[in-house]
Structures are given as C-alpha cells and as structure tokens.
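Two complexes follow with subunit A in common, the first pairing it with subunit B and the second with subunit C.
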Partner chain A sequence: MAIDQKSGSELPQRRKLAAGPLSKGDKWFYRATAISANFAFVLVALIVVFLFVNAWPTLSSQGISFIFGDIWNPDAKNPVMQLGPMLWGSILVGFSGVLLATPMAISAAYLIVYLLPKPAARVATTIIDLLAALPSVVIGLWGIAVFTPVAISWAKISNQLLGWIPIFHVKDPNSAFTDSPFIAGWIVAVMIVPIITSVTREIFSQMDDGLINGAVALGGSRFSVFRKVILPTSSSGIIGGILLGLGRALGETVAILYVLQLSFKINFFSVLESRGGAVASWILARFGEASSSEFHGLMAAGLVIFLVTLAVNMVASFIVNRAQPWRKN
Partner chain B sequence: MMNSTTASASTLSTEDISVWFGERQVLQDINLVFPANQVTALIGPSGCGKSTFLRTLNRMHELIPSAGLAGRVLLDGQDIYDSSVDAVDVRIKVGMVFQKPNPFPTMSIRENILSGLKLSGRKITDADDLVETSLRRASIWNEVKDRLGDQALSLSGGQQQRLCIARSLAMNPEVLLMDEPCSALDPGSTRRIEETIQELSASMTIVIVTHNMQQAQRVSDQTAFFLADENTPGVVVEFGRTEDLFNTPIDPRTNDYVNGHFG
Partner chain C sequence: MTSMNRKPWAQSSFNFKVQLALVSTIPVAIGALFVILGGFDFSIGLIGVFLPIQVIVVGVFGWLKAKKRGLGDALLIFFTIFFSTLVLVLLLSVLGSVIFEGFKALTPHFIYENNRYVGTTTSLEYGGVGHAILGTILIVLLTTVAAVPLGIAMAVYLTQSQSKMRGVVRTVTQSLAGLPSVVAGLFILAVMQFTHLERSGLTGALALFPLMLPTVARVAEESLRLVPADLRMAALALGAPNHKAFFQVILPAAKSGILTALLLGLARIVGETAPLILTTNMNNTTNLNPFIGPMASLPTYVYNFLGSSYSSSQQRAWGAALVLLIFVGILFGAARILGRKKSLKTSKKAK
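Coming up: the complex of A and B.
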C-alpha cells in the first residue's frame, strides 16, 4: 500500500484504465488503419531515400555550385551540372503566378462569400473548383493554342507602356515575348487560383459577423470594411493560402514546359524575354534521353525542388495553423 | 475637464413601421417617440422583433437581403430612409452597441477608438484628445490609459464592451442604440455600463433593448413592451413612463410579463 510521505495517510490505489480498443472488430480496424497510415509515411521515406541515393553522385561532385552555377553539360569528360537558372526560373515563375493569382482569388472569394446570393455562390464555387480538377496537360495545351497569342499582345502592351521599368524591358523586341516567364506566370496563376480562392473563401466565411456589423454600424462602406476589418483579420490565413499556391506553382511541370523556353542563360527578372527556367519542367524535358550521368543530375534536381516545395508547404501550414488566434476562444 | 464638442441630442420617432423578412411580417405599425436626452427601454419576450426594430433605426436592417420595410423613421423630422439620405450618414448620427462585445481584434485599444473615423473616411483632428474624451465618457479611461497600444482583446469582456461604447462615442452620435449590451457580462460590469448609460443620456438619446426587467427600471425613463403572438407580427402592447408601465400597467399582458408570469 502506498503511503503519502507528508501526511502518512494511505494514497488511493490507481486503477488501470483501458486505453486501447476492446472488441475484436475494433482491434482489427485499429490495426488496418495503423498499417495504412504507416504505409504512407514509409512511402515518402522510400522516395526521399531513392532521390538522395541517386542524387548523391552529382551532389558530391558538383557541390554547392549545383545550386548556383549555370552550366549544364552532363556528357563531357568531366560532367558539369549546375541547376541555377532552372531553380531561379521556378522561383520567378512561381512568384509571377502568385502575384497574378492573388488579386483574382481574393476578389473571387469576396464575391462568393459576401456579394452573391447563395445559389449563385454555389455555382461560382463549383466552377472555380472545376478549374482545379483540370489536368495540367490540358491547361498547357490551352496555354499554347489559345492563351499564348493573347498573352503576347498583353506582353507587347506592357512593354510599350512600362518598358522603362527593368522588369518589362526587352533587349530585342523581335525575339522576345513568346515562351516567356510572363506567359508561364499566367498559366501557373490559372492553376493556383482555385487553391488560393478556396482557402480565402474558408477564412472569409469564418469571419465573425459581429465584426462586420460593428464596422458597418460605425459608418463603414463595403470597401472600407473590406480593407480595414475583413482583410487584416484574415491576412495570415490568406498568406497561408498563397504559400500553398506557391508550393504548387514551384512543382508545376508539363504546363510550363509547353509555354516556356527553358534556357541556361539565366533570366533574373526580364519576364517578357523568351527564356526562363523551371526545375520540374527541365527534368521532364531531359529525362527521356538522359545518359546515366545526366540521370543523377536530374535526380539531384528533383531532390532540390522537393525540398524547396516541402519547405514552402511547411511554412504555409504553420501560418495557417497559427492564423487568427482569437478565433480559438 | 476635457473640452469636447458634443453634438446635441436628437429626437427620434417612428411612424407605422412594419418589417418583413421575405414574405414573413415580423413587426406591424410601430409608432414610438424617443425624445432627446431620454433613455427608452425596449422589452419583450425573445422573438418579438425588438432587436429587429432597433436595427431599423440606423438602417442596419436593410443589410439582410430579404428585408422589407414600410413606414418612416424620423431623425429630427428627417426621414432616414428618404432616397436623398446616405445610410452611412445615418449610421454616423445613430451609433450602435451590440450584444456581444465586438472590438476589432487586429487593432489596438487606441486604433479601435479611431476606427469609426477611418472606416467612414472622416478626417481625424487631434486624435489623442478624441481617444481620451471617448474613453472617459465610457468610464474606462483610468483602466486603459497606460496601455492604449495593447490589443483590444487583452481586455476583459466588460472592458471590451465599454471600449465598444467608447468607439461609438468617438463618432459623436446624436442617438445611441444598445442591443442587450450587458447580456454577456457579469453583474459588476453590468452595473458600470448602466452608470455610463445614465451619464451619457445628458448628451444623447438612448434606446436600449434588454431582457432584464430590473435593468429597464434602473436605466430608462420610458419603456415600450413588444409582443408577438404565434404567427402574427410583433406589436407594441404598451408604451409609457417606465414607472407607470412597471407599477400600474394598463394592459393585462404587460402586467403578466413584467411580473414574470410568461416570456
């Protein structure tokens, strides 16, 4: 019998509490879910190991210049494989996409949550979700056949009006505009509008009506209430949604390959020039005819973009989870 | 003492106000007068339309998509639903405090006070003075004067509600509408807000919805008793001096309600 050290009196005996499943059916159900769940983790681990093992020959021979250099010559006597322009290109296209998609997505979410009558809002939501269901190869084909000619005229107008800004400057108008990061950015924007819209819509619909009523009762207009109350209250959730979109944009492959000229002559920010980069697209473009040496380089590229996407997604879920602490009470 | 220019109180009155949500009529022919510098309590059982009526007085009612209205609401003789009147101007003259304290969570205490001016696009002259005056009028200045930069949500529930009152006062309203402002608060906070209401009635007209009979008797000069029978729109059963309505009610239904026999 246990005795309390201070008072010397007997402590009550603790009983054993059943924590696990009791019935036979429950036990099997528990095991089955545990195995399935663990299988997913094992799969991810195996993929990472596979990537790392195959990437190692390139990573060890190229070192840090794999990330920052700009030469891709896998079949020389001493192979040189440096991913810089592709990695930077992914970032440039990703950010262009986010920049173009965010205003569209926030407007769409505001329209759906606050302006449209319920039935119309349901239809609008379905249409935007359908956009997410389109295979990226279809969007890529649409990008070549339909959107590129339109985007080229937009690009020319931007160049004429804003050419004095370095971003919109081109060296030679005759060899620019087609297959540019500008067009790839738009294509990526189309693909990530649904995810940013759906996160933003969710955040908006969780808004406390009391705050909006309070703001209107103080003499707020639709716009001022949106800008001073709705947007600040939702900002961290929206940023999380934007990062989720960025994560998708960085991994986008086939649609970008269709509309962007991949080049190892690095393009830092001249979005209207006909050259750019995208890691995933580069892997797809080269994989079919890669020698064993280049195969390892492409695996290393895959590992790098995987880690970058993983980091972006982790930051995104961290921000989304931390969003609006006052909602929790 | 602060030198604040407060707007003079206004008389608010309604003429044959009827209200619908879609096809359902929820109020019929409400005729009430809220004289300047008087506190009027609106009492009645849940669902009798008194909060809905309150929302017709600052044009918040029309924000509900299916909302319908007949009759007139006169602020110093001017119909606030007239096509020439801007709803924003109405809401600036007729302030509102809600049942649940709703300070803006992303703003500091100070920013909350100034939020009405920013939301309505008004110029802010001498912000410090306005913040202090408004907080003093809501009797919360001494509690927050050293922490004006703190988040509004760091305050207790009762303090948040007084901050919301101060936020309305910063707009210098002629009329203040209060929709069960103490129902989410403890007795101590309730008492302090009731004292504030009494002080404010010197400079404005106040209409307060309350479920608390004692509160109606403590704070109001006149009382309107709303009632809606099943499937019929709400009406005002009795309206008069608060003392008379509670002590010598004319209508037997008023007598039953104020003595706790139903509702």
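Coming up: the complex of A and C.
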C-alpha cells in the first residue's frame, strides 16, 4: 500500500533465484515425463487405428449387422461375419461373474476391515492379492479339471430346485451341464473377486470413523450400521469396483475358452445350457485357422471388445477416482 | 484412530464365546453326518442341509440374544464369513490342485531339459520346460526394459508435475490396465501386418508391453506419493533443480516401492497367454535369440499341451503350470516383503 502505483520504479528489482524454477535440466525433465504420460493416449489411439484399419474390410461389408447378426461364415464367396451371439455371450458371462463375485467381494472386504484383528486382516489381504496374481491359464486349467465336476453338481441342484425359473431352465433334461455360461461365470468370478475386493476394502478402510461411531452411539446395531451407513457412503466406490471387474470379465480370454462351448446359436438367458459365447475367446479359438477374410473379421471383433471394455473401464476408473478423494494429491 | 474405535461392538464375554462356538459347530456336525451317513453328494449336503440349518440356528441365536437387532447382526456375520470362506476355498483349491498335480510331473530334468523329440504321447521321463522358462524370461525382460522406465516416468508426471491433465492421464492409464489381453495381441499382429515383423520373441514382448505399463505406472505412483513432500521441499530449498531432487532424493527414498512396481508388473505379465499365442510361434527347442525365430514360453506351453487329451500331455501342462505358479509366487512374495519393509519404515517415521 505504501508504494505509489504510478511510479513503479520504486518496486524492488526482481531477485534472481540460484536455481530457477525452470532451469534447462528441469525443462527437459518435465518434458520427458509429459511425453511419457501422453504415451498413454498415443497407445490407445494406436490400438484403435491399427485395429480399425485391419477391421475395415469386414466392418464396411457387414455394417451394423456385424454387431447384431448371428451368422459366422467367413469362407463363403460372400463372407458373412456377425458377432451377435458372442457379444451377448460376453455380456451374459460378465454379468453372471459379477453377480457371483459381488457378494463374495463385499463380504471379504467387510471381514477384512471390520471383523478380523489386524494381523489376520493383513494375511487375508495378501491372500486376496495373491488370487489377483494367478495367471488366467492356470485358472482355466483348474476350471476344466477340478472345478467343472463340482460346478456340474451345483448346476444340477439349481436346475432341479429352480428349473421353473427361465434362467435355470434346460431344454434337454438329460443335459450334461458342462461348458455352460454358469461355469464360465464362476471362473470369471474367481478372477474378478480380488479386483472388487481391493477397491471395496480401500473404501471401507478409509471411511470416516466418526460416522460409524455416531451411528453406534445412536443405537445402531452392526447390521443397521452396515446397511444404513457403510453401504450408502461407499456405494459409488463399490459400483466403480464392480465395473472394473466387469471390464476384466468382458475381456477374459483363455480361462473361458476352456470351460465354455462357443456357439452361434444364441443363448439369451439359460445359463445352464451348454452353449454360450465370449468375444475374446472366440478370437483366440478361431485365430489359428483363420483365412485372410476371417482375419479381418477377428480384428473387427477385437476392436469391438476393446471399445466396450475401454468404455466400461473409463467409467469405472472415473467413479473409483471420485470415490477416493484421498488419492488426489 | 485405534482399532478399538473401529469396532465399538467388539467386547464379548467368555460365556458368549462358548455359545457362539456351539452355534457354529452344531450345523457343521449335522451337515457332515448327513453327507457321511446319508450318502449325499457333498454339494447337496452343503447347500441343502448345512446352509439352511446354519442360517436357522444363527438366526435363532441372534433373536434370543437381542431380538430383531440380534437377528440382523447374526445373519450379517454369518454370510460375511460364509462368502469369505468360499473365496478362501476357491483359492486354496486352485493352489492345491496345481501343486498336487504339478508335483507329479516336476522332476529336475523337467525343469532344465527342452522338448526336442517330445510328442503328445512321450512319457514324462523325457523332455521338459527348460526352453519355455528361458523364453519366458527373455520375453518378459525385453518388455520390462521398455515398460519400467516409461511407467516410472508416467508416475513422476502424475505425482511431481502440476499439470491439469493429470486426472485424465490417470483415468486413461487405469482404463488401459483393463485392456483385454487378446486385444494387446491383435494390436501387435496388426502392427506386424504393416511393418513385416516376423513372429519372434520380440513381437511377444511388444504384445505384453501395454499390459505391463499401467501396472508399473500405478504402483510406482503410489510409492512416489508415499515419499514425504518435506524431502522434496528440503532438496529444492537447498538449491537442487527438480530433476536432481527427483533422482538424488525422491527416487532413493522410493526405491523399494519402485522395485515393488517392477515385481508386480512382472507378476502381471509372466502368465499372460493370449497375446503370446497370437504373436509368437511355439518352439520345442531352446532359442536364446528373441529377435529371430520361434520362441516358447511357459503359458503357451501349458496352453499347447492342455489342448491334447493324452494323459502325459496333461501332466506336462500341470507341471508347467506349477513352474509358472512358482514364478508368480516368487515375484509376488518378493514384492510383499519389499512392501512390508517400506511400511515399517514409514510407520517408524510416524512415531
């Protein structure tokens, strides 16, 4: 205030810092990190462009029916390639997996954060993380050799008890119950439980203690605290975690290939029927013997599943990031 | 906050614990009796006998203790434990079956020999996964050389810079973490169409690159964030430019975290199968040149031998899966130990 605005000359000279905020080295340092960070965009763009260029022959000839049709006949004179049943199958398997995994994941997270003593909780966290690190080919191997017989007996029970519900209905009563979306859903659930659990656990453990103590002080029981305080405050984060799991489930390849009968006869809801679909597994299954026209079709399938999972994951990480404000700097 | 505050309901008397033990063991015993004496299938015993009895007993117990409040609490705890046990059983089943079946195939020569002259019916006395182990190591190392520096640079951008783009970059990186592995393979295949690259270890490594990058970036970001900001401020106040502050102060402080990022990234890609099936050719002999010729790897080895129905091939698949699992276990365990050291250090500092 003491300085006269009109005579700026009275202002002290700007002092020169020994290390300028942006010395030459720093400029290069930040430029390098910025370039690497932007490489994430470049990578996404490259994937889209390369897949699109290779998929174009199929996409242009099939048009929108590539997504909705249900014929795959790549080697005819006029190749017809339509991905409908596989795409729907991916969604069916993904949703079965999420439905099976969510209760397990929320329970595990609740157990770790609110029930177990600290050392046991640490062990349980390690176990869940280890589950996340299992390679999908190992899970597939286990799924086909060990889990399928068990799942078949579960499928039989659910069919006998709940067969009157369309979802659990099977056309052929002597069906073998193998290779069904039900089994694939379980396999996928095993793979996405750790993803949902780790997001949910993080949200639970960062929850404001005051909220819980307040609810207990007001006479809340454990159940009412869980239902009225913990779940509502963490719901958006849990949904984000579930979407992350869904994204993983939609792109799962090898494990599903082992335990699911891929079929172009579309299977809408009957999860116990021995046929279903999965785009990623279809790509891998067909790839070895693909002709050049089918190659383009598989590229198009890859593009579709990439865009779907990218969209799901974007929404998921947006939600998760917003639900975890402590992660921002 | 102490752990007491987190569980205001945690006090319980000895009497209560005895009752609880009875409540939780009686249905198990009845269920087991039904399975053993009634000759039921285990699943039927579990779902049809044990589960309903347990739910009823737990519900009645809760009701007797505290009427409606007790009922809800008891069922909540029961279902939490039931589902968590299910997760544990699934995991132990995976680990147990791979270890049990894999050990049948695991002999010293299975680890170091390659598969020359081995067909689908060759007995397990011949051949092994030596070539696949070397191939996996080479491919994964190539990927690491490219992905780790880039991932760390991304983490630096996300933690050290003040750019407004950080949120978007973080979201895109996280979405890349969900990239379907088969798409990564297709992407490199599409690139190969243009560049006339031959299928080799290199193309496999390229296909694994987009899968490793986001994991490294995310874990490295977390570990850089754990470095106290004071350290950086002190370095800057002493006149160090930002890049020197990073390389000489922050990076050494976050060393174990960065190593964890490397290890978890490796654990993420070492078992990836689909990209390698699409971009490398299977090989039965040892190939130490990742730039030319077909190159075997452990996941593709499992995949190939599982495809055949002969029992010796199946055994090979289990054996290779066990070797793969040991790799993952070593990487994961090392990452855990490093991570624990890090948290010990920070907790000491906090005191």
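The definition used in the following text is that the second predicted complex is superposed on the first by the 280 of 329 C-alpha atoms of A that agree within 3 Å, B and C clash if a C-alpha of one lies under 4 Å from a C-alpha of the other, contacts with A are read in each partner's own complex, and residues count from 1 in each chain.
Basically, a residue touches a chain if its C-beta (ideal position, glycine included) is under 8 Å from a C-beta of that chain, and two chains touch if they have at least 3 such contacts.
Computed from a predicted structure; not experimentally measured.
Once the two complexes are overlaid on the shared chain, A:291 sits clear of subunit B and of subunit C alike.
By the touch criterion defined above, A:253 reaches subunit C but does not reach subunit B. Within the superposed three-chain model, A:175 lies out of touch with both subunit B and subunit C [touch as defined at top]. Once the two complexes are laid over each other on the shared chain, residue contacts for A:60 go to neither subunit B nor subunit C. By the touch criterion defined above, A:154 reaches subunit C but does not reach subunit B.
Judged by the number of subunit A residues each one touches, C leads among subunit B and subunit C. Of the two partner chains placed around the shared chain by superposition, subunit B is the only one that A:232 touches, whereas subunit C remains out of contact. In the superposed model, A:313 lies in contact with subunit C only, and not with subunit B. In the superposition on chain A, the residues of subunit A contacted by subunit B and by subunit C overlap at 117, 213, 216, 221, 224.
Residues of subunit C touching subunit A in their complex: 1, 3, 5-9, 41, 43-44, 47-48, 66, 69-70, 72-73, 75-77, 79-84, 86-88, 90-91, 93-94, 97-98, 101, 150, 153-154, 156-161, 163, 165, 167, 169-183, 186-187, 189-191, 193-194, 210, 213-214, 225, 236, 239-244, 246, 264, 267-268, 270-274, 277-278, 299, 302-303, 306, 314, 317-318, 321, 324-325, 328, 331-332, 336.
Put simply, subunit B touches subunit A in their complex at residues 58, 60, 63, 65, 88-89, 91-92, 95-96, 98, 100, 102, 104-107, 115-116, 118-122, 153, 164, 167-168, 171. Within the complex formed with subunit C, the residues of subunit A that make contact are 18-19, 23, 25-26, 28-30, 32-34, 36-41, 43-44, 46-47, 50-51, 53-54, 103-104, 106-108, 110-111, 114-115, 117-118, 124, 126-131, 133-142, 144-147, 150, 153-154, 157, 190, 193, 197, 209, 212-213, 216, 221-224, 226-227, 244, 247-248, 250-254, 258, 280, 283-284, 287, 298-299, 302, 305-306, 309-310, 312-314, 316-318, 320-321, 328-329. Residues 117, 208, 210-211, 213-221, 224-225, 228-229, 232-233, 235, 324, 326 of subunit A touch subunit B in their complex.
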